[in-house]
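After the structure tokens below, expect a handful of questions from me.
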Amino acid sequence: MSLLYQIFIDPFAQMIASPDLLVQTIWEGFVGGVLYALIALGFVLIFKASGVFNFAQGIMMVFAALTLVGFHEKGAPAFVALVLTIGVMYLLALGVERVILRPLVNQPEISLFMATFGLTYLLIGGGELVFGGNPKSMIASELYLPSGSIDLKMLGGTVSLQKLDIAAAVIALVMVVGLGLFFQNTRIGRALRAVADDHQAALSVGVSLNQIWVIVWFAAGVVALATGIMWGARSDVSFALQIVALKALPVLVLGGLTSIPGAIVGGLIIGVGEKLGEFYWGHIFGGGIESWLAYMIAMAFLLFRPQGLFGERIIERV
Amino acid sequence: MSNKKIAYFTGAALALALTAPAFTPAAAEDSIYVPLFTYRTGPFAGSGTPIADGMHDYLTMLNLRDGGVGGVKLNVDECETGYDTKKGLECYDAVKSKNPVIVNPWSTGITLSLIPKAAVDKTPILSMAYGLSASAKGDVFPWIFNPPATYWDGTSEILKYIAGGSIDKLKGKTIGYIYFDAGFGREPLPLFKQLASDFGFTMKYYPVAPADMQNQSAQWLDIRRDKPDFVVMFGWGAMNATAVKEAIKAGYPMDKFVSIWWPGEADLVSAGDAAKGFKTLNWHGVGADYPALQDIKKLVVDAGKSQAPKDEFAGVLYDRGVYNSMLIAEAIANAQKLSGKKLVTGEDVRRGLENINLDAARFKELGLEGFAAPFKLSCADHNSHSATFIQEWDGAKFVKVTDPISPDSADVQPLLDEAAKAYAEKNAGWPARTEACDSKS
Amino acid sequence: MTESGRRTEEVLLSVENVWLSFGGVTAIADVSFDILRGEIRAIIGPNGAGKTSMLNVINGFYHPQKGRIAFQGQPRRRMKPYDAANQGIARTFQNVALFKGMTTLDNIMTGRNLRMKRGFFWQALRHGPALEEEIAHRRYCEEIIDFLEIEHIRKAPVGSLPYGLQKRVELGRALAMEPVLLLLDEPMAGMNLEEKEDMSRFIIDVNRHFGATIALIEHDMGVVMDLANRVVVLEYGRKIADGAPEEIKRDQKVIDAYLGVAH
Amino acid sequence: MFYREAGQFKTSYAADMAIFPIRQDRIGLAIILAIAFIAIPATGNLFLLDTVMIPFLIYALATVGLNLLTGYCGLLSLGVGAFMGVGAYACYKLTTIFPGVNILIWIIASGFVSCAVGVVFGLPSLRIKGFYLVVSTLAAQFFLDWCFARITWLYNDNTSGAIEVPTAKLFGLPITGPTATPTTRYFIVLIFVVTLAWIASNLVHGRIGRMWMAVRDMDIAAELMGVRLLRAKLLAFAVSSFYAGVAGALMVFLWLGAAEPEAFNINQSFLVLFMTIIGGLGSIVGAFLGAALLHILPIGLRALPGAIGLSLGSATIEQLTFAITGALIIFFLIVEPRGLAQLWRIGKQKLRVWPFPY
């Protein structure tokens, strides 16, 4: 009985009792969600264009951030380092296209999936080899990222919004809009959507697959860099982040593997959902439920929409 | 095409075959083999690297300065565990054949796996202030040593500190405990429960799953809600830095935030001034103003024989590594005295450890005057339950702010005995101590 | 026209006033017809007439919103494909639906799935009863393989086989189920003349020797006229004609709707 | 050339359906078993037994299990690690509750426990397909991980939060715990693995295997041929989890000797999945090849610099190992996307027709 009370009444009582905390929780979840969404966005870009389930997206985030900090440590001014890192991500995209995609085109998707696991190992090993294993602090101030927080006196309490988190949200928004426009209004963007719909058809109208792949992997790399900077600034840049990046999977699946808005909406649902769950219900089960809640939420959604919220509907014909 | 495939395949097979002989490494005869289990990779490298450097550099210094210990070179050999139990066991099996005289697992998980093996393989295990608290009891765990203090000692010391003297002052207060949700972080839970009921304060638990080490906003929201009077932390690796940042975000007062002895400078620099007032336990000096550390600087670091970057030299965790190696060397020295042999075995070193007696004079001899409080081990007591002091982050470095605080043995000891008994019972056929005791005490 | 050996007057399957629609789109509208035990029944009609949907309804893959279906005299409500298979309804598919990763033999052996009764335990040991059973069914499948003249590709993975052969293997897989009613969805689509002749021969033999009642969808009117005892014609999901081939040939509606359009 | 089937005429279907129809294969298998049962223990090299062979066999077992699910039934799973954990914890509880009963029985029993859990988490597989299914198995992974850490009953409220292995005896010979010799433990693991691998290959060569492959290749057609999809998939989950469970129990009781929840974390699941895919989906031999490549190769790489007198920092070696392993994964996939097992087949085919190309 008391358990039922704890589960069904107490949390809501708390929400009403201290709305400021509720808002704070939702905000925290929102920001977390934005970052999940950004990782998921990288997944989607690549999956749309090359049908590759790119497991390495999480690592690309850490790798990009490490590279950035690494260059800075080696003495490059912040923005030079930024440019250099973007260059590295481009080279990475080129390499992936040459070494992995080209030889493996038209192979079973599971093999490509596996290849990205290989890429993950390669990036972890290589990254630590070059930049060392211990965590580095993100050069947030050098990149003119705001620090400190805005404390709003409201709802009989304070809600403090980290300026950094606000920046993260804004940047995420900009990237999504930017990518959206890019795919809607540029030749390459249209070509990419053509490829996404039908490889053969795209080839027949003279779209170069290889070129497209390089572009999407590069785009994914840049998204990864942005995510890495944001998350790196919130905690530190280390390969431990790769575990956080796994949270992008439920987001991705929830949104539907091929949908950019899906990635965003999914990210927000997961982010806010898991924070609320942990904060108001977690302690009932001894805390830490955040580690699996996201997956359970995603699974629950899938049971009703197996193709995800925005994924193309799967029609079974014979 | 597929002809090529076969070629590739046989090529790879050959590569495998080539590596085969590497499985059985030979042992050097004229030196004492001291393996160091370290981790400079993986999510915990941040904490592991400086410790590894400290351990490695001190022993290297001994080799360069005194030609080892008692005139015998130490064959120092690092094995990378990545803080992963399986890799740790792999390391253990790899070094076993080279008859190591001592093993430092540097992971509670690895320690737990090795504890049963130690007695069988006749290799003492030095888990310095980590591992199984109960293993402090030498009569049950003759082969395991965890000086100078157990996690339970540390916990009680933190509580005494925040209570401002004796724990009963905490009555009616609320203590938050944010911990790394693995063996290491769970170790103090029984003590907290016990003391909370004995002294009438409330505990709030905030476990941090290893997967969410760098994603703690939920825990800190809870802390904002529960408003505990103090927050105690058992964190490791990337968890510490993240916790400090989240604490700042959550506006939790730093001077009420006390940690066990594992955070290092690296965990706080990124937070900088905002982390002022953050406190941790410690039992040894920080910095390089000791003859021994000067020797390390001169002979090892400046000679480019160390992997430690300049800014990490002689930090908290680096010096802890040094302390750890100092114990190893001391144990070997004792072993040589007791056995009269130059090339000592694990058996001898076990006795050496039980006879460790580091008084102020001895520290001076070692060139570490005032580096740490004197302590001695015995056959019954493999820990010494030493007092540890509180150090505070001043925005750039840690500064000692209290005198050593002794553990609340009255409450800890019974739990310890109980736990040791329970362990022996659970592991059916746990051998009773047969090892002779030759310490004068 | 061929004189089918085993044709009887017993109604094997009856379809009465069946309606099927997806969302707004009506695939089958108020169609009724029956299939007699032992006959070869053709379902024809222009593309999108709802032929395949009709087969899917018959073997329970789709569930009609309205109407009754009775198989071997038992009326059925929503039935699962499994039950249909269990009652002896087998089929082949418009675009070959073989198990690409498996060999010809394994594909055909899958058809015996429902008739293999040995449980997990014996399967795990693969000795005694399980092995005997396996061999017994292997023997039956070998007969089918002989009959379809595909011995040479017995152990070949079907994915690599030419289209014509795949169609044959698929027929074999359906036959392995010893079907009472065999549904063939365009068995000759995309075949050249010889292949069509072979396939026609197989269909007739299946009907005669294996005694299976056959319902087939086919576009090649020549083939249909030769093989079928009776023909039902669908257009836009409605039945526009039903009867013996020569009646159908002469039926004005059909000529307009179908032949007219087709040629 | 020695590898010829010429002159080996099969006079019965039984012979033709044998799992190793070619005589040379049977001889080869005999030789491998001889090496495994006689040669390797004979070396008595502790490192070889403890660090190379025992883990390799245990991983191979888990990989065989996952291969039944992913390779044969086509269901992608990232929850193996957790199911291994279920096996381990179940075995621990059983041995501590009923210490009287022989541990080998409990190892098998714990397989069934994990089997039950596997079925529960297999249920969504009827609706959720392909990569989408990954998330439900990940849910299993993280949820179970959480249970191992949070439900203190599972580890008898140990202060250490870990499960320890008591010494158990078989005919007076210690088979678990510190006093059990590597050789003893190796033999026990070997017997488990050989038996279960044999059973697995029986399953996949019979009706059940065909049923699974049918579901994998075209589930709709399979359904229309009278395969009950949910049953087939759940059976696959059950068997696969059983194998994982036994592997997990073996891992803790005959290899690690103690374990924290971390031992069954997501990386474990990844590792086993890699082994499955690299080894080759839908091949039992592949499972062993994959496990060998991904477990033994890194050990070799780590030992290599020392062996050739190259002095590198332990960390550097570790990082190189990571990078090289990654590169090799990609390399092997490019050489043969269908995994090592496919290379194996091609190789045998070549031998069969040697010296002719076809």
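Lettered A, B, C and D in written order, each chain numbered from 1.
Methods note: a contact is a pair of C-beta atoms (placed from the backbone, for glycine too) under 8 Å apart; a residue touches a chain by one contact, two chains touch by 3 or more.
What you see is a predicted model; the values in this text were computed from it and never measured.
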Chain D reached from chain B - shortest hop count over touching chains:
1
Centre-to-centre on C-alpha atoms, which chain is most distant from chain C?
B
Mind checking the centre-to-centre distance between chain A and chain B? Centres are C-alpha means, answer in whole Å.
36
Taking each chain's mean CA coordinate, chain C and chain D are separated, in whole Å, by 42
How many angstrom lie between the centres of chain B and chain C, each centre taken as the mean Cα position?
73
Distance-wise, how many Å sit between the C-alpha centres of chain A and chain C, to the nearest whole number?
49
Do you know which chain A residues sit against two or more other chains?
128, 133, 243, 246, 286, 288, 291, 318
Tell me, which residues of chain D touch at least two other chains?
142, 145-146, 149-150, 220-221, 224, 266, 315, 319, 322, 328
Would you please write down the residue numbers of chain C that are in contact with two or more other chains?
61, 93, 97
What does chain D use to touch chain B in their complex?
45-48, 50-52, 55, 96, 99, 142, 145-146, 149-150, 156, 158-162, 164-168, 177-179, 255-263, 265-266, 292, 296-297, 299-304, 306-307, 313-315, 317-319, 322, 328, 331-332, 335-336, 340, 343, 346-347, 350, 357
Flag every residue of chain D that touches chain C in the complex, lowest number first.
12-14, 17, 19, 199, 202-203, 205-208, 210-211, 213-214, 216-218, 220-228, 235, 282
In their shared complex, at which residues does chain C touch chain D?
59, 61, 81-82, 84-86, 90-91, 93, 97-102, 106, 109-114, 116, 118, 120, 123-126, 130-131, 134-135, 138-139, 142, 173, 177
Which residues of chain A touch chain D once you look at their complex with the stated criterion?
53, 99-100, 103-104, 107-108, 110-111, 113-115, 117-126, 128-129, 133, 243, 246, 249-250, 253-254, 257, 285-286, 288-289, 291-292, 295-296, 298-299, 302-303, 306-308, 314, 316, 318
Which stretch or stretches of chain A touch chain B in the complex?
14, 18, 21, 24-25, 28, 32, 128, 132-135, 137-138, 149, 160, 162, 231, 234-236, 238-241, 243-244, 246, 274-275, 278-279, 282-283, 286-288, 290-291
